[in-house]
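Below, subunit A partners subunit B and then partners subunit C, in two separate complexes.
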Partner chain A sequence: MQKGINNLIEKFGASDLVERRSGLSFITVDQTKAVAAITHLKDIDGYTVLSFITAADWIEDGKMQLTYMLNNPAEVAEIAIRVMLERKKEAGESMETIHHLWPNAKKWQQELKEMYGVDFPTSPGVNDSFILEGWDDMPPNRRDFDTKQYAEDTFFPRGGRVTHDPATYMREQLDPKDPQYYTKKKKKDINS
Partner chain B sequence: MNEDRSLYPEHDENGKPIIDLESHKFLKLWQGPQHPGITGNMSLELTVSGDEIVESKTHVGYLHRGFEKLLERRLFVQCMPTSIRLCVAEPDPNEYIVSTAVEELGGIEIPDNAKWLRMLSLEMARLQVLLRGVPGQAGTFALGLGYQWGNYLRDLILDSFEELTGGRVYHMYIIPGGVRGNLPEGFKGRMLEKLKLIDEFVVKIDKLIFQNVVFESRAKGLGHIPKEWVDKYGVYGPAARASGVMRDVRKTNPYLNYDQLDFEPHVTTEGDVYARSVVRYNDLQMTVDMIRQILDKMPDGGDIRAQTPNVLHWKIPKGETYVKCESSRGEYGMYFVTDGSDKPRRAHLKGPSYTHANALLDKLLINANIADTAAIMVSLATCPPEIER
Partner chain C sequence: MNIKKLLTPFTAWGNVTKDPVTIKDPLNERPGADRYRGFHRNDVEACVGCGSCEDICENEAIDLMPAKDTKDGDSGLRPMIDYGRCCWCALCVDVCTTNSLTLSNEYTWISTDPEDFRYIPGIDKKEWDNNNDKGWKKPEPNYEFYPLKRIQPSHLSPEDRSDSFIEMMHGYSKDQAMQEADRCVECGICTATCPAHMGIPEYIKAIRNDDLEEGLRILYDTNPLPEICGRICTHKCETVCTIGHKGDPLSIRWLKRYIADQNPSERYKKILETENLVSKGKKVAIIGAGPSGLSAAHYLVQMGYEVKIFEKLAAAGGMMRYGIPSYRLPYDQIDKDIDYILSLGVDIQYNINVGNGEGEISLETLGNDYDAVFSGTGLHLGRSTGIPGSDNKHVYASPDLLRWIVEGKEFEVPENVVVIGGGNVAMDITRSMARLQMKKYGKVGVITTALEGEDKMPADREEIDEGREEGCIINPGWAPKSVEIDSNGVPTGLNVVKCHSLFDSEGRFNPQTDEDNKEFWPGTMIIESIGQGMDISYLDGKYKDQLEFGPRGRVQTDEYYQTGLPWLFMGGDIIKGPDVITGIATGHKAAVGIDRMLNPEF
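== the complex of A and B ==
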């Protein structure tokens, strides 16, 4: 078993361990103990690199999963800490910041606030826009954000963006006088 | 510059510089998003005092196309043409990490021949990036000749890509289950001839850049990354190796058949722009050597694809993984989550530019001269599309 896993289970009550392959494990830690567990992994167990923080939206289970990928370069090992937040319908889940452990964490946290609506109070610049500018809609990476609808509402109608059914369009182009000709011919060929 | 730069501007109790634009001592200056010294569509909001930068803030968002969200709405095989656009300059690592994530969660083992062909494709991609990137660093000091030479040779490698894959920039060669084709007849010989030209180029570049007094005097001591920052700020690949820390996924976490190759990534300790250029220059030579080794060791023919389920109906059980490889810029990874359906639940790209261009670059530019901004940025090899995704 990877270094640090036992501590996570015994000291922080971690669960749902999945050892994906040698040197890569996924484990769930309770939200209230997550920052303490991450601090322990960094300061005691040698997981000194924060590879990334990201989220996965499990809308059907009412959960918002945060994943903290930590790397221990000396042991060539990685642990992904899963934190399952209670998902809110209108966004606004909240999690403790870890920018005091890694300065670059503030950018991921800023992005998560913008794209998933997960707040990290006290994280520097967390409310500043990162990628989106002047965005007042739902955080767009949440599962219930309808990208197609947004694109249709925002960008359509625009000249030159007419959509055709490919089959009908081809028939009309091939024989404008009798668009059904090729369909009839095909059926006839099949019957013969 | 004054000897003790910590005295000016003054700092508040939190260590932040006190910048009062109304005092007319400071000026806001935007470098980018359209600027010859920028590495793509991003911009730097610089606060300068005279020609010295006192504060820098990276702005992205000019290139956001929502790739990660788009991947959640596509079949696994449909993820391929979208994911390659996550980094335009070097798309092949995207093909590799997405394909490998799908294979790992879907329980697919690829044939040995496909592993060698994937390595060839990845190293060719690295080579074409370095052929522009190494002399491109000198370009930031207005020494553009090497860049033109490198571009010619890069074009020859793109010819080889076209021969192997049908595409010059986007290749779509690595796909879930293996690769799309075997080596064309005579490919090895033609590639070896091109590598000889690159050997000559390597000698010329040494004379043109590394023995150039202007390059040396401007690059040495510039944009220094202390060793302690490597873990703290997330420094990867050549930038970390220039600061004395061995970071190369091919060596530390060997994937494909990299453990069968003989190579030793260059590590140095100076940590400045010059050191990062030297590391990349050594990477260029090492890549040429590795392609020769791959061509020599790979089997002549064999299976190139494993049996996969029908890609239009391929459902993958619930699971998650993190797959990474070494791009020319450093560790390049994909966090992939599946939920039992025929589409990914989550696909998150982790590229080195994210940390290099944000927290690290903001820090490195303080006290630098405006004219050195491009040099520091290019030395980190930032790629904006992998930040915005």
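== the complex of A and C ==
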């Protein structure tokens, strides 16, 4: 087992360990102990590099998952700390910041606020636009964001585009005298 | 405005003579990573144009465009990608039912014409088409958006069914039907192949939505015999199901049965809005209460015609009742479908033959008394091999025996039977005789052969497999030579020789046999089941000259199954098929043709 895992389990109650390959483990830590666990990994166990922070929206389970990928250059090992936040219907989940451990964390956190709606209070510039200038809709990486509807509402369709429904097209090609539309119309006529 | 802001833009000119800090590209290649998701590739020969890629695309970047010939199982459409909208997510690749669509790792391409960035991969050739080892493909195995294995309904074990005519297949439970319906990608490729063009994706969707009344309405748009077809349809739709390219095709037939089974017959009229059909006065006669006649009757009565069916036998259903054993199609389910059609006001007269003999009603009378006549008299005559000994009275035709079983007629069931034929009817008589033997002797003694080899037998695979499970010996690839008859005039068995091939190099029927490789199969009853013929002698007389006859004596019709006699329409097995769903389709289309003739203003 790679360095630091035992501490995570014993001191911070970490669970659900998955050793993806040698030198890469995923483990889940409770939200209230996560920053303490990450601090311990950085200061004691040599995981001095924050590779990235990312999120995943488990909308069916009502969870918003954060994943902190930490790197230990001396051991050539990585640990991914998973934190499961209670998902809120209207976004606005909140997590402690870690920019005091790694200043570059503020940019990851700024992006997560914008794309997933997860807030990191006191993280510098967390409410500033990251790439979505002037965005006034739901954070677009949340699963209930309707990308297609947004595209239809926002962009005009390209001129000259046509498409064909396979079932209809095939019947027109192979049996142009398909009777079903006729009888449906006729039945309606009779009943009215 | 201060002077500094005014002059700042001009300070850039100071860099004109300095070396640029940017890299001179794209002169140097910077290939994408091995699994980079770049421009699309499509193997257009493997693609069937199902449109799943278009449906899943969140950005509406994909249109389906005509690019190949349309044929069964292939719409001929191919995806066109609009790179002004594509976000390279590769969901289109991940959902692809044939794995034909992939992404290359090429991401750079320059053109001054924006229209160039909308093209059909595989049809509009690109330099990355052959770069097959890089880019994004659907990871295999076990990376599918839908289960590849079908949900099998439960059925009676061979031990429990081998001496019984009780229905062997149990229908789907709600959970099973929901799970199976969830495998459908709603492409609709199946609908063109279904002779009746049933709204298959629509009724499967109704199952997913647990709206079985809507499902029933969709079934009756194209098929008024859903309980029957839900059990014994030849399910050509399943042979082209796009999920079948990588897994088991959808169990479309069992899903149809599920809808019909779950709707009680007493609610049919309310669900189908047929409680108050109004007759508009014109009358249509229908000869034969088989699938095509019942289908025509159903759609005609819905259109406001008075319909009367003339049926030769004592009950309606034709070959569905008298040709298909009840372990596949129970009589109460036949009755459920037929009773509903009759309840709409369709009149039926049983035990009446249309012909020119005594006690029969002539076609001329029907033509005079009715505004139009539809004939769907079916194929009821057994064909004979004509081999020596086949004229012996112990050599039977399968349609006769199957009908006798339904009618409860007594006939001798011997310990050893030989069946000649490899189609579904041959399997029906094989398995029926096995059941009768099991009841009488406690053992099965049926051997069945066909000219075709194992993989070319026309019968459904499950029929062959289930027959073997029940103890029948099915030994294909043999040609019958003669029936051996003893001195008492009773057959002792069948002489056969090995058959290597059925067709010559030009595709003509020309069986090649090895006369030295022969066997003798004992049996005191020989059953021929090599296809059926029709009896259309009722056409004899003054009308015959006005009809055109084609190959195999079939009457020629137009696309609405109208014959040379404008008031006479013909459909079902005597015109096309043979199978139930084709009969239903011809009856439906003939109904439309009759209405077009009698009410041309519509």
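Criterion: the second predicted complex is superposed on the first by the 156 of 192 C-alpha atoms of A that agree within 3 Å, B and C clash if a C-alpha of one lies under 4 Å from a C-alpha of the other, contacts with A are read in each partner's own complex, and residues count from 1 in each chain.
Note that in this section a residue touches a chain if its C-beta (ideal position, glycine included) is under 8 Å from a C-beta of that chain, and two chains touch if they have at least 3 such contacts.
As the structure is a computational prediction, the values presented were derived from the model and not from experiment.
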First, second, both or neither for A:Thr147, with subunit B first and subunit C second: both
First, second, both or neither for A:Gly159, with subunit B first and subunit C second: neither
Partner chain in contact with A:Gly134 - subunit B first, subunit C second, else both or neither: neither
Subunit B versus subunit C as contact partner of A:Val49, first or second or both or neither: first
Which of subunit B and subunit C A:Arg171 touches, first, second, both or neither: second
Doubly contacted residues of subunit A, that is, touched by subunit B and again by subunit C: 147
For the subunit A and subunit C complex, residues of the former touching the latter: 147-148, 151-152, 158, 161-171, 173-175, 177-180, 182-184, 186-187, 189-191
In the complex, subunit C residues that touch subunit A: 49-51, 54, 58-60, 62-66, 70-72, 75-77, 82, 84-85, 118, 187-189, 191-192, 197, 199, 201, 221-222, 273, 276-278, 280, 299, 302-304, 559-560, 588-589, 591-592, 595, 602
In the complex, subunit A residues that touch subunit B: 18, 20-21, 23-24, 26, 48-52, 54-58, 67, 69, 73, 76, 78, 80, 102-104, 106-107, 129-133, 140-141, 143, 147
Complex contacts: residues of subunit B adjacent to subunit A: 60-61, 64, 66, 68-70, 72-73, 104, 231-234, 245, 247, 252-253, 319-322, 331, 333, 335, 337, 345-346, 348, 350, 354-355, 358-360, 388
